[in-house]
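Okay, handing you the structure first.
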Amino acid sequence: MYSIDLNSDMGESFGAYKIGGDEEIIKYVTTANVACGWHAGDPMVMDKVVRMAKERGVMVGAHPGYPDMMGFGRRKMVLSHDEIKNYVRYQIGALAAFTKSYGMKLQHVAPHGAMGNACQYDEDIASAIVEAICEYDKDLIVYYCAGAVLGDIAESKGLRTASEIFADRAYMDDLSLVPRKMEGAMITDEDIAIQRCVKMIKEGKVTSITGKELDIKGDTLCVHGDGPKALAFVQKIREKFTEEGIEIRHL
Amino acid sequence: MYSIDLNSDMGESFGAYKIGGDEEIIKYVTTANVACGWHAGDPMVMDKVVRMAKERGVMVGAHPGYPDMMGFGRRKMVLSHDEIKNYVRYQIGALAAFTKSYGMKLQHVAPHGAMGNACQYDEDIASAIVEAICEYDKDLIVYYCAGAVLGDIAESKGLRTASEIFADRAYMDDLSLVPRKMEGAMITDEDIAIQRCVKMIKEGKVTSITGKELDIKGDTLCVHGDGPKALAFVQKIREKFTEEGIEIRHL
Amino acid sequence: MYSIDLNSDMGESFGAYKIGGDEEIIKYVTTANVACGWHAGDPMVMDKVVRMAKERGVMVGAHPGYPDMMGFGRRKMVLSHDEIKNYVRYQIGALAAFTKSYGMKLQHVAPHGAMGNACQYDEDIASAIVEAICEYDKDLIVYYCAGAVLGDIAESKGLRTASEIFADRAYMDDLSLVPRKMEGAMITDEDIAIQRCVKMIKEGKVTSITGKELDIKGDTLCVHGDGPKALAFVQKIREKFTEEGIEIRHL
Amino acid sequence: MYSIDLNSDMGESFGAYKIGGDEEIIKYVTTANVACGWHAGDPMVMDKVVRMAKERGVMVGAHPGYPDMMGFGRRKMVLSHDEIKNYVRYQIGALAAFTKSYGMKLQHVAPHGAMGNACQYDEDIASAIVEAICEYDKDLIVYYCAGAVLGDIAESKGLRTASEIFADRAYMDDLSLVPRKMEGAMITDEDIAIQRCVKMIKEGKVTSITGKELDIKGDTLCVHGDGPKALAFVQKIREKFTEEGIEIRHL
């Protein structure tokens, strides 16, 4: 039997500002990556998302980012090892206050945006994040992009990991995601996208943008909840996975 | 045998900005109220203070405040019950990430500045803070100003409390502190200040600004670490307390 | 001939966060109150709105607020006279950098949210704002709620003012707006709302919530641009005003 | 007759946080680079510094930085051309509100920290800053590090410039400053430092860290006001310059 976790970024609203349809997407996923108030989110939003997750049995993980609300955490910042370690630690703890209050266990950590990109290939940044997690709670699972150094470093420190795959993104030969600016970066045909997912999950293979057949491990699939089109796509993924005998369940 | 806890606000530096002499005052206190990054402090500062506290056996508590770094959390903000509850929860969790990482238990919560003032007499604000603490960890101790409603509400919910007294402040007849703008608000004579402390601790009595003899309970004494004069005063307090048979120890 | 200015709050988006349909509402108004990056807005948003205003001949004013992005400037903060004065000065200058760059003159100042409410009746807060404006540029027009103290104080210092009226809000007997929580606060029937506007503009009269006929001066009418319904209402206002011989033009 | 402008970074305090001795250093300089509330400073601080500058006839310039108060604007951030342009524009305008209120003219712009470093050699960043200045006010002078691209680009757009030199820093062969981490980066001997300044001003020459004799242009000398030692050094510079016939005056 095959299985996959479906995760989505959530809790990205901030004060009067709304981003994403958390109330809808939470019906279709098994895991939520919740923003921690640095690049997005605030304590009111965190409380609401964690409460909804509790009600629906959705797992909650921390989605820490750079201290850059104006840039939504997507702008590269050059921070020291200790800054990254302590910033991640702070954000994990802040979110854990909500899961603990609702009698839940914080399940995982999935770095966001520019930090999330950098830690996939930068060993020092990955190490800083892994150290923060190890010192805080060795039971936390590290979500990393399939093939990335973050997974190796987390495993070398004895942490559990989950290899994340993407339905709508093309892969380079080294399993890094094709940059959004490059042609062919996005898999726009939904049926092709889903077939690629099924192949990644059942065969552990994906075809790169240059046509190479690559090994890939997929423990968790990233889906989006912005707008009706994204929601329809998630529903379609669920249907197809069920037909293909892929169970959708959290880790 | 009499005993008293000595607490001080710490971790109030922020980035390149330094406030307070944490490295010095930590040698003389038994408990630190650590800022959580909203009105003061940042993760680098929190990490350093918690590490120093660990090394010296000093207890650590959260010192949450309003989201107002520019006003150092001292300006009144009108927030909803849920906003206060979730803001406190967030800050407690953020600091707890550091104590947990260092194998320490977060000991207490002591609200800061304008929030700290408001929760002493405003039942709704006090309740919001107490709810945050109850849902997060019923073992946390609530620090409150002797005589204030925060203590009553915390105890009514089954939380442990510590009644805080002040060496350098005069009291009104209702045990509230004489506002700083009023004449006589500060006890400037150090010997008188210390004698008042000894009386509060050993006899449970204090003389108000109008001359009334009031009952007061003192579990923890607030001291300051800003500058050489403050440090000298703390050392003098320690000497006198020892002479008077008052043991200085954490709760 | 009667005339009225139509103003709307704009530039309230922030980074990845969108609020309001600036691109649409700007087609129907004569004046924009532009957020200045403290409670909403950022320099990228300010640049875009000012550029659009330039293209359409829409007047631009500053919409300063409290330093509270998380609360959208709607939460009461207790600030000193000098804090308010300097915060307003800062925000006016920041926005004026954009109008100046586009060869426009900053036209007016219209305080936002909790600051905007407080300055209508609090003489000290109103004075702080008026001082900031006087010292910066005596040609700036002060937008105030019809009947409020801000207008009196601005005029007493020799500033030009514009009395603002609301289509969708009921009035108390002292011309203050009926608080949103009270029944009857909002005028929900669009035809009644428009008839009230016409009467305010042509007769200088409005019926209060208790049924009293009050004198009111209307130089500028506040309209909203959030969502298709609000836009349809503005279009309807424009049609009716034209029928009624009320010219829509900026001050 | 030789002359030199003495400039210092000022207004870097923030709320309850104090950095620098503005009240002292302002007595010895001819020009102040004033932080604009993004990496340091706030409107209360800006008001105070501009008022002091007015009283002493000290020229005021904007010292814009990255939106990173926690990192004091010293951490590299990857921002777009338009982000930098609009962020600089915003900060210039914000400070200009204070100079205008005090009847002063904003004199110059001197980018701070990581932005200040990047714009010396990165043509795109330099262009973004120069565009912001050109569109806002073509009379503003651009302060740039002697030899850097920022000066060339500013001049190519018709802006006036001032070439900044440093008393306490060694130079590479390309006139860039020797990075602080490298040995020999700081000129620690005060007499040597001052002799180097005199040579730069009178002969237009400086000896690089490798021993090469380089051409250098010095219009303005950067001095520091942090602590008694820095102040004593500035006083010594003033004395020596007077002996050497170098007039200290603003541009």
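Order of writing sets the labels: A, B, C and D. Residues in every chain begin at 1.
In this section, a contact is a pair of C-beta atoms (placed from the backbone, for glycine too) under 8 Å apart; a residue touches a chain by one contact, two chains touch by 3 or more.
Quick caveat: nothing in here was measured; it's all calculated off a predicted structure.
Q: Note the rotational component of the Cα superposition from subunit B to subunit C, reported as an angle of 0 to 180 degrees in steps of 5.
A: In short, 180 degrees.
Q: Between B-D and C-D, name the chain pair that shares the greater number of C-beta pairs in contact.
A: The greater number of contacts lies at C-D.
Q: What whole-Å value do you get for the distance between subunit B and subunit D if each is reduced to the mean of its CA atoms?
A: 42
Q: Can you compute the centre-to-centre distance for subunit C and subunit D, using the mean CA position of each chain? Integer Å is fine.
A: 39
Q: Tell me, which residues of subunit B touch at least two other chains?
A: Subunit B, residues with two or more chain partners: 70-71.
Q: Make each chain a node and each touching pair an edge, then name the shape: line, ring, star, complete, other.
A: Basically all the chains touch each other, so complete.
Q: Give the list of subunit C residues in touch with subunit B in this complex.
A: Listed in rising order, the residues are 67-68, 70-71, 75-79.
Q: Can you list the residues on subunit D that touch subunit C in the complex?
A: Touch list, subunit D to subunit C: 37, 43-44, 46-47, 82-83, 86-87, 89-98, 100-102, 132, 135-137.
Q: Across the complex, what residues on subunit B touch subunit D?
A: 14-19, 40, 42, 69-72, 74
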